[in-house]
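Shared between the two complexes below is chain A, which has chain B as its partner in the first and chain C in the second.
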Partner chain A sequence: MRRLGWCAALLVLTTAAPVEAARIGEIADWNFGSQAARFFSLQDPSVRYALAGSMLLGLCCGLMGAFLVVRKLALMGDALSHAVLPGVALGFLWGMTKNPVAIFAGAVGAGLLGAVVVQWIRATTKHREDAALGFVLSSFFGVGIVLFTMIQNLPGGAKSGLDGFMFGQAAALGPEDVWLLAGVTVLALGAVGLFYKEYVLTSFDEGFARSLGWPVKLYHYSLMLLLAFAIVSALQAVGVVLVSAMLVIPAAAAFLLTDRMGAMLAWSAGFGMLAGAAGAFFSFTGRSLPTGPFMVLAAAGLFVLALLFAPRHGMVGRLWRRRSRAARIRRENTLKAIYHVMEDGGFREEVVAVGDVAARRRETEAGARRGVAELQRAGLATEEGGRVAFTPEGWQRACEIVRNHRLWELYLTNAAQLAPDHVHDDAEVIEHMLGDETVRRLERRLNYARRDPHGKLIPGLADLAAGAPPSGRAAGCAEKGAA
Partner chain B sequence: MVQPWTEDFMVSFWIVVMGFLVVATCGLVGTYLLLRRMALVGDAISHSILFGLVVAFMIFRSGGTMVMFVAAVATGLLTVGIIEFIHRQSRVKTDAAICIAFTTLFAAGVVLLSVAEVKGPVHLDAECVLYGEIAFVPLDPAVEVFGLVLGPAPVVRIAGVLIGLLVLAAVFYKELLVTSFDPALAKSLGIRVGIWHYGLMAVLSIVIVSVFEAVGAILAVAMLVVPPMFAAQLSDRLPVRFALVFLHAALSSLVGYQLSVWLNCSPAGAMVVVGALLFLLAWAVTRPRRAALPDWTAPS
Partner chain C sequence: MMKDFSTTAPPLEVHDLTVAYDRRPVLYGIDLTVPAGSLTGIIGPNGAGKSTLLKAVLGLLPLSAGWVKIFGAPLAQNARRTGYVPQRESVDWDFPVNVMDVVLMGRYGHLAPGRRPGRADREIARACLDQVQMLPLARRQIGNLSGGQRQRVFLARALAQESDLYFMDEPFAGVDAATEAAIIDLLREMKARGKTVVVVHHDLSTVRDYFDRLVLLNVRLVAAGPTAEVFTPELLQKTYGGRLTILSDVVQSLGEEP
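And now, the complex of A and B:
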């Protein structure tokens, strides 16, 4: 009886704007704080059911959704969630009551039929997957709408409360719905736990799984069955239209956070539960608004956070890494230019003019000064009166870059038989990326050569360790070599 | 069976005419969507358009056809933009990106709809989003031009859109054809593929918003997808497909309306059911010629 009441309230709220205004006027004493307190104290049984149900459905949808996302079946979830509608209506027609078992059975049957029809259209017509999914989604939904409107026009059908299935109302969840959700969740957890290896392999490398002789189709349809279970049990709380969001959005957020399937399942289930709880909370405190949309918005918020701040795949992290790499390459190019200017002067001077660096870099003096200022901030060089000098770290880094560049040029001419005048551009890129280990191997391979293809000296370990250009030392290695 | 026609001919007439125009208009755009394998982008835009309409009517309080069209185009392009943004900026695949974009916008639309009082030329509420209100179309005030009574406003609007669409399809027949079938060739011919893509999305948004009130968000997808599939099943030639779409529109609207009278159910839903049955019929008729028996061992 209470559920019918909720559904009637929802109907009034969502279908008739003037009536809604009157209602809000009535509940002028409505107060966010007291509603929130009621929610968090969990005294109200309807709050307990709504919260438990929402979190269970988030968990269940998150698990199934993770497989959908990695199998690139996200829109299959969308299609199936619409396709269950006629099954819901038929389940209701069975006894003209909202019998959870009949509705569950009808909806699962309709969902599986939808999955089969998608497969069938793809196999026997030239239509692609998108058309097949669109067909199942919309025509099944059409059948559902026909049945729903028939039920509403039947005697006693107007108060069927089936509208709750459209946008979802977690507050309408009763104990039997929560038990159903719990059962489905346990089933999904059990299936994924028992056949984890099989599901992961068929998801990522179907061809290999088939070559092992595994029944790939069986795994596919068992996953579709679990998916139908998850969709149907979530209908009451999220509604037909938005179930697919609870399947896909938490899983997509998890997909951005990790590269491992196990971790992704955990994140996805966690996000789903979080979104479910948030949806139940907002729906409860916000004048009993429909739950589904709030859950979806909460999940979308989590997705946006993941999209921005995921450590490896997030946009902010990527942008930061790209910018810091660009800054490092800029610094290293300036260091190299200073080195070249010094080298051209035979390392007689320990300092070089910023103007010479600018000429070497083929840029304006202001640009060179900015570059030098960046070096100063990084503690790689000092500047006074338009003249730059390396710090010990700066000298070492400059030597490394020049060494990388020249080693690579030598390697390309020796090993790849490139002409010496073709190797510079390539070395210009690779010099910033070579790690210590690669450099050691290059040196070994080139027999610790001292000169690059253009006859320039390759800075060695002694130069690196010296901490200053040869002019600052009594007898520089580089100068000795040059002599 | 003939009672609705004898009793109140004009009501039945306008419902069937509206149904025909809706299916024909959607089917025309849908034909190009099907060729471009973008059927589900139609699904996405038809959901997210709710958000655009609610926001537009909250801003402008009331608005005419132009507000509606501008809101629709903006939302449609926003949806496509979000999908492309997610796809480009992260490793999330397009299918998941589509799902994320439209469900989020739809959810935002439903929330706004339930907290704000929305009044506009389109009567928006939850029922309309789901079922469509094609049965109320004859009740809309009639449009008069130079003293000539044309018909209810939504019918006139969708008829205008259909005529505009036919003109566009005729004028830009070659460009649409080549960008749909062979984007690489189009590029080499100097046709800006991107512009045609976004142009089609804008037209799609206008079509969806014009039919939104009559058939709702989800049944609009059926109108976009099913008639072109029916036509593609029977012919490979584009002009023939257009003709078949019109045939499909006429049959599904007329038979669908009769079905809805008979079953006492939503006319829009019944038209979709008849449309789907027509596709199944075409499928059954042509299957032996087009493909071998279903390959049950095919990878899923």
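And now, the complex of A and C:
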């Protein structure tokens, strides 16, 4: 694979004339603006063909790619797209012209042959899919390169544009190519729409599908045929080397966004179309730039966005949830420390000194002040002149946390037979995670116990509801003084 | 609901079934009849061909020899009367489907190609999910389930097939005690409704409790019949201890031939 990548990079470097590249750089601003205007006005028929073709191929590849990705067959797209190359060359040799029908037929034939060889190697040798795919990919591609070189050395002028099959040139798309793409897209949409349940079940659980008496092989090869159609019709625009990226990347991005197959197909097709349009745009505005790489870069950009911002599986969301959980735990620990200081004073005072909180937390006074400031921002406590007081909500949260901690300690000593001096560290972690439901179950299980294993009072529902420390009140936590 | 099977063929009849991987037989000359309304366990050591037997009967593997009849006809004619619970590891649990989607797949055998499940199918699927106490999890992606819950999803899918003969591949493997109890209750209820259930099982300690008939398998059929008759030390010794019989030697040499 890496060697192919190098080969591709070398070919790009040698085909793009460096002199011209420099000139584009000088007049880039003016050129880009007017080209962009031409692109968006859609006056130019070649722009219309390029845009329509690129979006159609994005849709079609996105649809097929979604099935490849959920079947863990992403590399199959890679192998097939390289395997079609000798077919393209043979299709050209058939009439020595770029006859789309002959090239299409040759390429589909070569692609299917590749798929069959993969199956055959898997079935008859001890090799798994990866080795079979690697073999088909590189050997078919090698044959294709040899044939292409031979064609280049033949006399005759009709062979210009054949190198478009390597890296793609959306600008070179003609009406026949667009009609071909439209036909393939309609076919793919129709097949997936009609046989949605069949394709999903055979992808998810092949054994079960076969136990229903379904012709699973038929569905597999019809999908491979559609895949070959999609690849071949996309060749002209993206090129052999990168068409597999259009199969894999939009689908991989869609997979991160959803947990349902139908939605994944829609996202994947949408991403494909977006990437296709972006590729056509950049290919048109930057002169003689290949379309394939830009299309793939756009798709890769979408993938990175999905990776970062997907609601459930996205990295930003995960990081955010982790950080907000860490902040919540910090706040709850400060609340608990304030509670403990009050408790030690027998709840005679409604305010405590920040210095006492720091001592209790075994941290510096500056650290405690930061913690109290966080509580103030969250509306859980107020601070003035180095003295802190709970808000009603803060008092309730503090009671809940202490209560969770002590209930859990009691549960561990009672139910799990742990010694009282073994349970504190565990409770330190669990106290932040117990839900209301679990707390109620714990209470029932512990018979609404009033004291934890260390003899301290467990804050009761009355304390939670009171909204303020029970200074002066006889009930609840204030009993501590008497106990 | 109870069907009169006395006039019909047995749910499963297997004759001289042989399956070979690469010319090496993994099942050899199996003759087997499973009577209607029975709860049959297939037991045997690892590599005895228990799962292979299920797959061969269901047409998932090519037969080297022999035939299989489901209710007196080839499987293709009676596929709708046959339900299947594959091994849990056989599917990718990251697949983008939710619990309800999977249970609905049980209805697919009743739907013509190109037809989607309708309201009636959804009602059946909901009822089956409820039966395995999984209805509240209907909208969950299947990767977010415990091992026992995954097994119950597969069972609900099989129930939704509304078949008469069920094949289950190790439904008790790696599930929690609560799920195991729920599964065996379900199997007994199915039996009470006249269904026939064939289960690949690996835990010998529960065999006597769970199954009224047993198939002892080790490449060849060692014994098949009512549990009380075939669950004996001698037959178990023959099934689990007889690794060095002449047959095993022949199997070995067959596999080594170029």
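The rule is simple: the second predicted complex is superposed on the first by the 407 of 483 C-alpha atoms of A that agree within 3 Å, B and C clash if a C-alpha of one lies under 4 Å from a C-alpha of the other, contacts with A are read in each partner's own complex, and residues count from 1 in each chain.
Just so we're on the same page, a contact is a pair of C-beta atoms (placed from the backbone, for glycine too) under 8 Å apart; a residue touches a chain by one contact, two chains touch by 3 or more.
Model, not experiment: these values are computed from the prediction.
With both structures placed on the common chain, the touch criterion links A:72 to chain B and to chain C. Touch criterion not met for A:407: it reaches neither chain B nor chain C. When both complexes are overlaid on chain A, the residue A:201 reaches chain C alone and has no touch with chain B.
In the superposition on chain A, A:264 makes contact with chain C only, while chain B stays out of contact range. When the two structures are aligned on the shared chain, A:241 is found in touch with chain B, with no touch to chain C. By the touch criterion defined above, A:184 lies against neither chain B nor chain C after alignment on the C-alpha atoms of chain A.
In the superposition on chain A, contact of A:335 is made with neither chain B nor chain C. In the superposed pair of complexes, A:255 makes contact with chain B and with chain C alike. Using the contact criterion defined above for the overlaid structures, shared-chain residue A:231 touches neither chain B nor chain C, since it reaches no partner. Counting the residues of chain A that each partner touches, chain B and chain C differ, and the larger count belongs to B.
According to the touch criterion, the shared surface of chain A, contacted by chain B in one complex and chain C in the other, consists of residues 72, 207, 210, 255. Contact residues of chain C toward chain A in the complex are 55, 58-60, 75-76, 79, 82, 84, 86, 90-92, 95-98, 101-102, 105, 108-109, 111, 113-117, 141, 157, 167.
Across the complex, chain A meets chain C through its residues 70, 72, 194-198, 200-201, 203-205, 207-213, 255, 258-261, 263-264.
Per the touch definition, chain B reaches chain A in the complex via residues 34, 37-40, 42-43, 47, 86, 89-93, 95-100, 103-104, 106-108, 110-111, 113-115, 117-119, 125-127, 130-131, 217-219, 221-222, 224-226, 229, 232-233, 259-260, 263-266, 268-273, 275-276, 279, 283, 287, 290-291, 293-300. The touching residues of chain A, when paired with chain B in their complex, are 13-18, 20-21, 69, 72-75, 77-78, 82, 119-121, 123-128, 130-131, 133-135, 137-139, 141-150, 153, 163, 166-167, 206-207, 210, 216-217, 220-221, 241-242, 244-245, 248-249, 251-252, 255-256, 286, 289-290, 292-294, 296-297, 300, 303, 307, 313, 315.
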